[in-house]
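Both of the next two complexes hold chain A, though its partner changes from chain B to chain C.
Entry: the complex of A and B
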């Protein structure tokens, strides 16, 4: 097995990632892709009582912005990784791309044809060319059907006759490292790793160009993970596949991806070639993610839990840079130090959730003492909140705002690195070099 | 004497398919304040081992043999009632993998913790509630007083795991058993929980048995590791030593198959095949069917755990002088840099 993964494979991969051959037409081009889900389904449930005067009913059209404007190109033969915490929208992205969800906005162009409408005849062609592999190999295989017929499903849909289907399935079983006599067995007879091999065989049956893999190794043991990852690598060479690989595991993504996008609450915050992202992560969120990965090598540095709290709700994402509520590198406004302003932002978030008791002494909410100006703001806000006017109190607190809260950062090219983009207001000069 | 001493533990499951020897002769010790990592692939018997300690094995499973001494008490001789009243939840507590199914959805988290406190101590209801709030605050739940009054569904996955840890700490245990407590969590949340375990150890000096398949997590939390394979411990050593100088062929291969954030795909060498069934395990050494260094005697003798260094033992016949090999069949030069640097010291052993 080691001969398949000698040093040359590694260098080829690196060079592919760093100086890619720009093709005229990407295999998949995604522009401004959005997928929003309504919080309330149907008219009746979205009507809410409004007691603040005026017309007594309002329409609650809050949306969960699962994917909120994502752009990327996928070139033939590459592996593009999308990484992020749960709830960041990465699985919705996968489902929207293969047409399991109708996109709210944006375009998906596959081999030059727009398929985002999903009613054109190009859709059927697209389905032959794009396949998805899901996380849970157990629930994505019908327990009452034999392996042979499960793998042959896409072939049947494509109109292959029975004998050809059988030959093809036997060939596929061999390709994914399973035995021919598994043809007549049922899914429950297999381990998680073997089931994921079956899923791969099914996905590959009609020779797709694009395979979207949504957390394909998450439920598997470490030794089995390595098996599936090397298998996917071999299959990529053999079948000339393009992968969109979605995972929350940075160790896994490093093994497979040529380029990586880091996703946070529906947006890509950083896109970079793999080696670049791991050596010089730019966005504070990418850095915090890397810091949180436990590394088995005792010589590497300890992990640090830089990020506190959970991913904010995508139905009411934070203003400006969505990461500002948890960012350890937030740009403080005039008069604040970074440490003070992080405290202030945390307090503002708590205040928004109304988990602050306005009758308390404001000082108990802060570990560091705030600048005098901010202290009086907080006191005013407490007085307003005590009178019940939370909105005015919130407005009062918002007199101190960071650029991170007021302006949405664009995905911009990182200094002198082509194809490395990051959405952060922090100037390049203020970043420390990243070390493992 | 060690805090926990387990010897020759055997837990079998009597199924229609035959007797599953999930744990088949496991020995280990945990010193007071020490943290031991129990690692291995799924099916290796890690979870069954720790559940056997506390009598948490359900039919058709049964602890058929073995002695478990905890703090001088013979746990293997205790009745279910004695275990429940005097050991489980008080001296030894358990943190499970899935916090949602370990919490009762129809009671507030505060009352669930207070219930444990009331059961094991002579605190009154009000005192127990107060203790619950303090514990929630200790494990880093903000606004503990209000949050104690909420139900499990109102907490995120990471927060629920904190609640379980608070519950585990409620009666000042001497030992916490954590069974894959961070497997279902995101890396960022996992990092927070790992730091919490480190804090707990520092603050309370609690001993921890940490079951996981993630070596990265073991490195952060544990002093010592025991590697399990098909119901047996094959190697045990302080973590750093195990990583730098693994002796058992299984551990060596495991170290090279593990996916890490700073290793290239070219360095990845998956262990081929899957673990054999525990119904009919291979004779002799159980790893021999996947071992690149297997020789005739491996099928005949069950290898004992042989001392290979201070506090370091490995169950492989290769360590026994009478089975010395002329040439090691396993070459390490194609492996990762880390294993390269250590092959010298191992070479000395193999000569």
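Entry: the complex of A and C
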């Protein structure tokens, strides 16, 4: 069994790439995983007044698409990192994978067995093989129970007897760098770093193959972060663990991950080996994220955060490529320059939110002058909106559309690098080489 | 490595103290809790002695000490407190002190049993309902609220009419009436507790719903209900009296504080002692349970210590003297560093404030 977890076999397997015909079985295979949450719970609260005429009541079945079709393979012994902004669905992905949420669609195959339905017997088996470490060291331990019994929880669920549980917990306490004496203490007696060690011990107690770590170090200060990451690394070697490591911190992920997926509004936009992603990020969003990392060099004062605006709402994600509303490299349609079209897209987003006053002069909404064709479109849209017909106005504005808005890009292999995939329409010829 | 550790363990005492024992040990550090415990134990002794007395000894003890609580004396109606009758006599000339001692049986039984039924029923139903959520929650809570909307006395009378006027049915009826109040309080607690990460952690560990509910959720929401339980003790004792007065429940001549209080109303001006002493006893009972309950709540929470800081320092010192090789308590260095830092911070804050001004 332990040879399965051998780190070297994991890397070998990895180097063969994610070809559709996999010779080796991945530890975890996720295909088209979706998790949608209804905005309204229950039938009664989803019935809304219909103000636009017709039948006076409508059924509001809006959904928050927290995870919207994620694919990946996880191989034994590797550390797979998932990064993204707050609210992009990282934590939901983690919770769905360990069965805390029922997936809306898609398949999760663990060691060749389909566990996406999570019926109780397969779930019980899966629990022995996959555990989760939570983000908040304060609230993830029950304040009224001693840590000895908290750590033994997965063992208890698996039916170990009391003496064996105790022996195992004492062994684990040592493994995670705590003292055996701590067995009978309560969580409030520990610091944040110690609590996270306890969380790790709990996750490892049942000797799982897969540990899903949901922002395990973001609640800790820098020096303790380093300790915990080193500990996780040591434990990976000792127990032959596979990590799915979720974080928003690029410097953390760079240190721990073998491969990284960049997540944006429920989708993976780019997947690449760590060194590749940091050296040659392909997707404009990955580039923007990397640009946002603070530069510790005091000589360079300018902060070049390229990303403007808010993350779009996952209940009504943008069409096409979800990043097009904020993308600095959007492909302009004929007749527009990129700068003009970015301006136009920003205006369209504002218009959709109806934060535009149609009685104003259209020119006040633009910093650059639009092409003549677009100017007349905007004017038409303003007249329509003034008459109260916002839908027609919106349709009018949509006469100019980029390919980024109309077509969803697939995750495609980037050039010759076989394991580097990215979902972007931008042709490689137009992509500038990336520099830090 | 594992064999090494396990031999190591055999020498050490790792057995966890049982929760109840630890709680009681912790309780002795709180003055008010000990006061409450004293009052409750005295009442319990009174109740047990009078039960033994009435069932086995035919009132021999109470007769030798004071007087027969059921014996009427028309010459001594409403006699004021005196050496012979320390608490005076009632409208039939019965000794109030003797009746108060005998009344402790009914008062304690109804207090403990009825509140107990309400407490356990309410906590279980409310917590289960909040934990399950959805339709289960709707059905259970709407049913309990229906129960809540009927006035307690009317509901109790109806139940007594159906079950028959016995004292055991009285306990039961008052227990059922209490359930919705506890259920609502614990439900609101559980609704927030179930969102805590340690609940998710327990689920991910694979613990059963039953264990999650009774080990992770309920202990964390219990303190609010515990206070509610000690406070409702008094209203249950008085409420039972009202039922007895209406002919259900406690039948005369059985002594009951609530009943005594009720019948004393008509003579409040000419013989206040008949009302004052039972009222005082109810007050003391409620206070005793309340003090005990408060202490229990603090003792059960590992985050609060009932020990005074001085005592703690002394005990720690004693520990160290007894075993100088013992390792420092957890994170003692952190503690020191923390206090030093916070002290410095405070000073910095002070100077900052000064500068700003």
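Here is the rule we go by: the second predicted complex is superposed on the first by the 404 of 436 C-alpha atoms of A that agree within 3 Å, B and C clash if a C-alpha of one lies under 4 Å from a C-alpha of the other, contacts with A are read in each partner's own complex, and residues count from 1 in each chain.
Following the convention adopted for this analysis, a residue touches a chain if its C-beta (ideal position, glycine included) is under 8 Å from a C-beta of that chain, and two chains touch if they have at least 3 such contacts.
All figures in this text were calculated on a predicted structure; none of them were measured in a lab.
In the overlay built on the shared chain, the residue A:395 is in contact with neither chain B nor chain C.
By the touch criterion stated above, A:148 is placed in contact with chain C alone, chain B being left untouched.
When the two structures are aligned on the shared chain, A:298 is found in touch with chain B, with no touch to chain C.
Using the contact criterion defined above for the overlaid structures, shared-chain residue A:368 touches neither chain B nor chain C, since it reaches no partner. When the shared chain is aligned, chain C comes close enough to touch A:182, but chain B does not. After overlaying the two complexes on the shared chain, residue contacts for A:191 are found with chain B and with chain C alike. When both complexes are overlaid on chain A, the residue A:407 reaches neither chain B nor chain C.
In the superposition on chain A, A:59 makes contact with neither chain B nor chain C.
For the contact definition in use here, the residues of chain A common to its chain B contact set and its chain C contact set are 191, 194.
Interface residues of chain A facing chain B in the complex, by the touch rule stated above, are 1-2, 5-7, 9-10, 13, 85-86, 191-194, 221-227, 229-230, 233, 248-252, 254-256, 278, 288-300, 302-305, 307-308, 310, 350, 355, 436.
Looking at the complex, you find that chain C touches chain A at residues 1-2, 5-6, 8-9, 12, 14, 16, 196-198, 200-208, 211, 215-216, 219-220, 300-303, 327, 330-331, 334. The touching residues of chain A, when paired with chain C in their complex, are 95, 98-100, 123-124, 127-128, 131-132, 134-136, 139-146, 148-149, 153-154, 156-158, 166-167, 170-171, 174, 179-186, 188-191, 194, 199, 202. Contacts from chain B toward chain A in the complex involve residues 41-42, 142-143, 146, 156, 158-159, 186-192, 194-195, 213-220, 239-240, 243-244, 253-255, 257-272, 274, 334, 338.
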